[in-house]
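Heads up, the next two complexes both have chain A, just with different partners, chain B and then chain C.
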Partner chain A sequence: MPFAPNPELGNRIITLMAALVLVLQIAAVGQRRIVSSIRIFAVQSFLLGSIAAVIAYFNQASHIYIAALLTVFLKAGLLPRLLERLVERIGIRREIDPLINVPLSILIAGCLTLLGYVVAESFYHPEETSARAALGHNTLAVAIALFLIGFFTMVNRRKALTQVLGLLSLENGLFLAAISLTYGMPLVVEIGIFFDVLVAVMVLGILVFRIGETFDSMDVSKLRKLRE
Partner chain B sequence: MILLVLLIVPLAASPLAFFLRRRRMLEVVNLAAFAILVGLAAVLVDQVLRGGPVSMWDGFFYADALSALVVLLSAFVSFVCSIYAVGYFRHEERSRVLQEAEKVGGRFAVDKLREYYALMPLLVFAMMLVALANNLGILWVAVEGTTLASVFLVMFYGRETSLEAAWKYAIIGSVGLSLALFGTILTYYSAYGALGTDALAGLNWSVLAKNAAQFDKPTMRLAFILILLGYGTKAGIAPMHTWKPEAYSEAPIPGAAMLATGVLNCALYGLVRFYILSSKCLGPQFGARLLILFGLLSMGVAVPFILVQKNFRRLLAYSSIDHSGIMVLALGFGGPLGILGMFLHMTFHSVTKPLLFFCAGNVQQHLNTDLFRKAKGGLIHSMPLTGAAFLMVTLAVTGSPPFSFFQSEFTILRAGFSGGHFVLAVFFVSFLMLVFSGFLVHITGLVLGENPGLPRAGVCGWKKYSVAGLAVVVVVMGFWIPAPLFRLIQGAVGIVVGGG
Partner chain C sequence: MTEVLTNSALQLVLLLLVAPLLSGMIKTLKARLQTRCGPGILQSYRDILKLLRKGMVIPETASWIFSAAPYMVFGTATLVGLMIPMTTTRAPLSLFGGVLAVVYLLALGRFFLALGGLDTGSSFGGLGSSREMTISAIAEPAMMLAIFTVALGANSTNLSEMARIAVTQSWRFLAPSQMLAFAALFIVLIAETGRIPVDNPATHLELTMIHEAMILEYSGPYLALIEWASSIKQLVLMTLLVNTFFPFGLSSDWTVRTVGLGLVFYLAKLLLLACLVVLVETTNAKLRLFRVPELLMVAFILGALALISTFLF
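Then we have the complex of A and B:
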């Protein structure tokens, strides 16, 4: 090996990128156009893939490279393209109208980030001074925040497609948690999860398409036929 | 080897359906595949009872008594449902329901059938994988797989209401399961310190169970809560049960019966696996309190909806919420008695619930409605066999003696008393009483009485014999459990109580 990667530098890069991922997530909360939400998701996924690659490089854990590649290929490439095509097919003219207005939504997203840090605090073992523990601490907080904000987006947005996007960003939070805590799950599991996410998006996409056809709208709040 | 064959049979039956042109061939392939599966499950049970856990590929697949029980029940349910499905879909085709669905979906009736007969084996494959995967990550992938395979079953008829039900099912299910995935990741993390391995074996349940005492405790605590919420959503325990009434009343009857028994068992199986880890790491007390809370809450939520229900398909769904609540409660009571009660209940539930669904399906196809208001009683005269079976299975499912649920619920009650949960036991009994009275009022109103205007139903052989055969099994199970089956249940209890 020509030079040993400096783990301190790696941690800084990863923390910086994780912060960017979080900023993108909050930006998505404030977004009104579906297409730009999809693009934000694509950039966020690309960043996540790069984080995975950086972790793989600085820890010589080569199996994470595959997870990183899969993330970039599927989540930053294939899925956004599929979703954008879906948007064109249904021809969404009306844009997103959230339940809660944008400034308040962003404020709530900020509060959820704080909550993420509080929850992550309980996993922090100060006696473990290894680099891994410190790394896990920061990125875990971001991961939990991503998860919570994704959840909030799903509740806040009534369009079927934005709920799918919320689900995907929630899933991104899980991926970040997995790679920062344990350097990723075993590869077979990781591939299984990717496969499931891909199929889930296709299934949900077909559903969105059928709902759009049948109801002439993707507004989930129109789905009120079934009652007690 | 047997483990691999158990997975390959349903997996091969699924793509085969795409190449078959004729309806009869589709039916034959499905029936044959599931009949073989029941036989294979019996072989697996035999092997496990004789020689202990069976494993393969360095423990990638692993089957102990607990997995063998779930495999056996899943195979049984899928076989019974496939018999009933033949009669059910022939009737649907004759009464031109499928043609209507075809108009909505833009396809021919036989394509619609092919969709069902291709997806069902896929669902069964995912269920088998849930039970046989040793790796907790693969377990999660398989549970998510059961959701994805069954979404299209829920939207089978393509009505507006089915789309709505399918959307709710897919979204609530996926969000719930993402919580379970988070729980799985945290479990891996809490074990990471103790095991120090990032190899595949680091997530294998059989490895984790041996070392669970050294896990990081705060992490494991959060992990178990997330798992309970996640797999609890899939099992439909309150307050994450809201998808259930819609999904169960929109799916075709055999599909709904699969969701209510096989898929429910799989979700509970995942929960039990993590419960074992958490009780080894944190002591049984921590999980017990949460399980009791959620179990009792589900029973309590189901009661008012059962009492005032207007629609008998939804009645079945609330009954399923009630029963999953009972099983979770039994797990919470814990101890050898509570766990025994839970597995007995799971076994009886898998045998009895399909019959309840089949009877409801026959009635719905005869009356063309699922509303109590439009059905004016008198079914016992127009369809004597289904009517009688419906009454009988109503008594069975509400836990009246001599049927088998009485035994399991009594066992659970004893576990509650011996655990000192007197107040909870009172709640448990009163909820059971209320469900019993609600069910009895609704179903007797549906079945008994005079309704001269109702024509006599011509129920075809497939539907008739699957109901009659299953009714015999339900009655027999009330008095006699085959010795190997009981040994298997005891083995599963031993795994939960004593630890694998």
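Then we have the complex of A and C:
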């Protein structure tokens, strides 16, 4: 091995960025404007891509670079652009109204983070793994928290578009868990997931657009009318 | 002994003189960022001097609390200022529980300010007091949680001890717990100093004001004292923020060179933080009053997470 970067430093950087991702996720729960939520998602995805790149650098696993690039390009660039265009076309800039009020939602997000930490604790055995393999292991808690909060966002929101955003941040959690646990899944799997998400967002985008056209609103609870 | 005395004297002078300068600086920077000309940096000094020379109007309904409040507010703010390390790691004063005393002395000042607002019986004063208390009820626990995170790292609630430990590990702020705590404390700083997402310091619009509503009945020297005290409080909170999280340049011994260097570093850090505050103030709109608890709730959760993650990472 010609050059081995210090894993301790890598660990610090990754942990810091994971914490930032978590802060952004909690900020997204407290956010009321759809456009800001989309931007928060973009920044969060960019940070995730950076985490992947750092892991790739410190583990010298070049195929993760491709995953990192794809993340930055698709999730931080293309998807937010698509969603913003969708928002513009439907012409909603109104505030998101969650089912549970915002302070309580944030409190619940905090509790979910705690749950993430508790769950991740049982996976954490620093003495049994080498320093390189342990790189980013402590981000598992953040990953689980992202997953849970994403799920909560999906349940908590009425509007279809914000539910899509919840799904996306849930997927971000999955991605973080994958790269932090396995330091890089096989590239084929990564690419598969990326295109899955891309297609999902496109389909959901069309669906959201149609819901907006049919009901003049994006409130998914209005879909109940379809029964009659 | 002389060391302690010079240290106290230096810090007191710094506290009293830098605080209005910092307020003026923030005002000027904000004006420049909004392409206005703005008042000069020295405007806060001029305001205080002018107010000190003016006569006072005291409402007939006011009791002694109205007159006591400005002194209490000023006294607690200055006392707290002496308990926080500014240029050296040793703060001149260290009372009771260190950081706990800082938080609760600030609370005492706020309590008297709120009483002063209520005392005259005018509706605006009461309105401002009730709003201030609503906000501080959430801001205070958030502040405690964030500060405890730092205290936990130093194994002490004594601020001098905390600063001494912090100097030995100057890259500690990269740890996620420190960063979360910084974010929480920054939101608390915005709320406590009445900056824009929470309160607008530049307005006297009845519907939105908090701090200005409480001090509406004050005039002359009392008003000067209160304004001065609130700029000292702002300086104290900003010092707490820069020196506990970014302890660069804090001198641990007492020589002219290191203290001078410490002073330069300290002012530079303050300036940077002021820029950050100005940036936040200019890019955000004021929140509706009922939305403010949401923002503070974020600070609270961040503080709680910071405290939790010190145990986990």
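Rule of thumb we're sticking to: the second predicted complex is superposed on the first by the 212 of 228 C-alpha atoms of A that agree within 3 Å, B and C clash if a C-alpha of one lies under 4 Å from a C-alpha of the other, contacts with A are read in each partner's own complex, and residues count from 1 in each chain.
Heads up, the rule we're going with is that contacts are C-beta pairs under 8 Å (C-beta built on N, C-alpha and C of every residue); 3 or more make two chains touch, one makes a residue touch a chain.
Here the structure is a predicted model, which is why all the values come from computation and not from measurement.
Peer 1: Can A:L83 be said to touch chain B (first), chain C (second), both, or neither?
Peer 2: Once the two structures are laid over each other on A, A:L83 reaches no partner at all.
Peer 1: Looking only at contacts as defined up top, I'd like to know whether chain B or chain C touches more of chain A.
Peer 2: Ranking chain B and chain C by residues of chain A touched puts B first.
Peer 1: Figure out whether A:L114 sits in contact with chain B (first) or chain C (second), or with both, or with neither.
Peer 2: It touches chain C, and chain B stays clear.
Peer 1: Using the superposition on chain A described above, determine whether A:A61 touches chain B (first), chain C (second), both, or neither.
Peer 2: first
Peer 1: Where does A:A19 make contact in the superposed view: on chain B (first), on chain C (second), on both, or on neither?
Peer 2: A:A19: touches chain C, not chain B.
Peer 1: Sort out for me which residues of chain C touch chain A in the complex.
Peer 2: By the definition above, chain C touches chain A via 174-176, 179-180, 183, 291, 293-295, 297-298, 301-302, 304-305, 308-309, 312-313.
Peer 1: Going by the contact rule set out above, which residues of chain B touch chain A in the complex?
Peer 2: For chain B paired with chain A, touching residues are 104, 135, 137-138, 140-141, 144-145, 148, 151-152, 155, 158, 160-161, 163-168, 170-171, 174-175, 178, 181-182, 185-186, 188-189, 192, 198-200, 202-203, 218-219, 222, 245-246, 305, 310, 314.
Peer 1: Name, in rising order, each residue of chain A that touches chain C in their complex.
Peer 2: 12-13, 15-16, 18-20, 22-23, 26-27, 30, 102-103, 106-107, 109-110, 113-114, 117, 121, 138, 141
Peer 1: Which residues of chain A touch chain B in the complex?
Peer 2: Listed in rising order, the residues are 61, 119, 122-123, 147, 151, 154, 160, 163, 167, 170-171, 174, 177-178, 181-189, 192-193, 195-196, 199-200, 203-204, 207, 210-211, 214-215, 220, 223, 225-226, 228.
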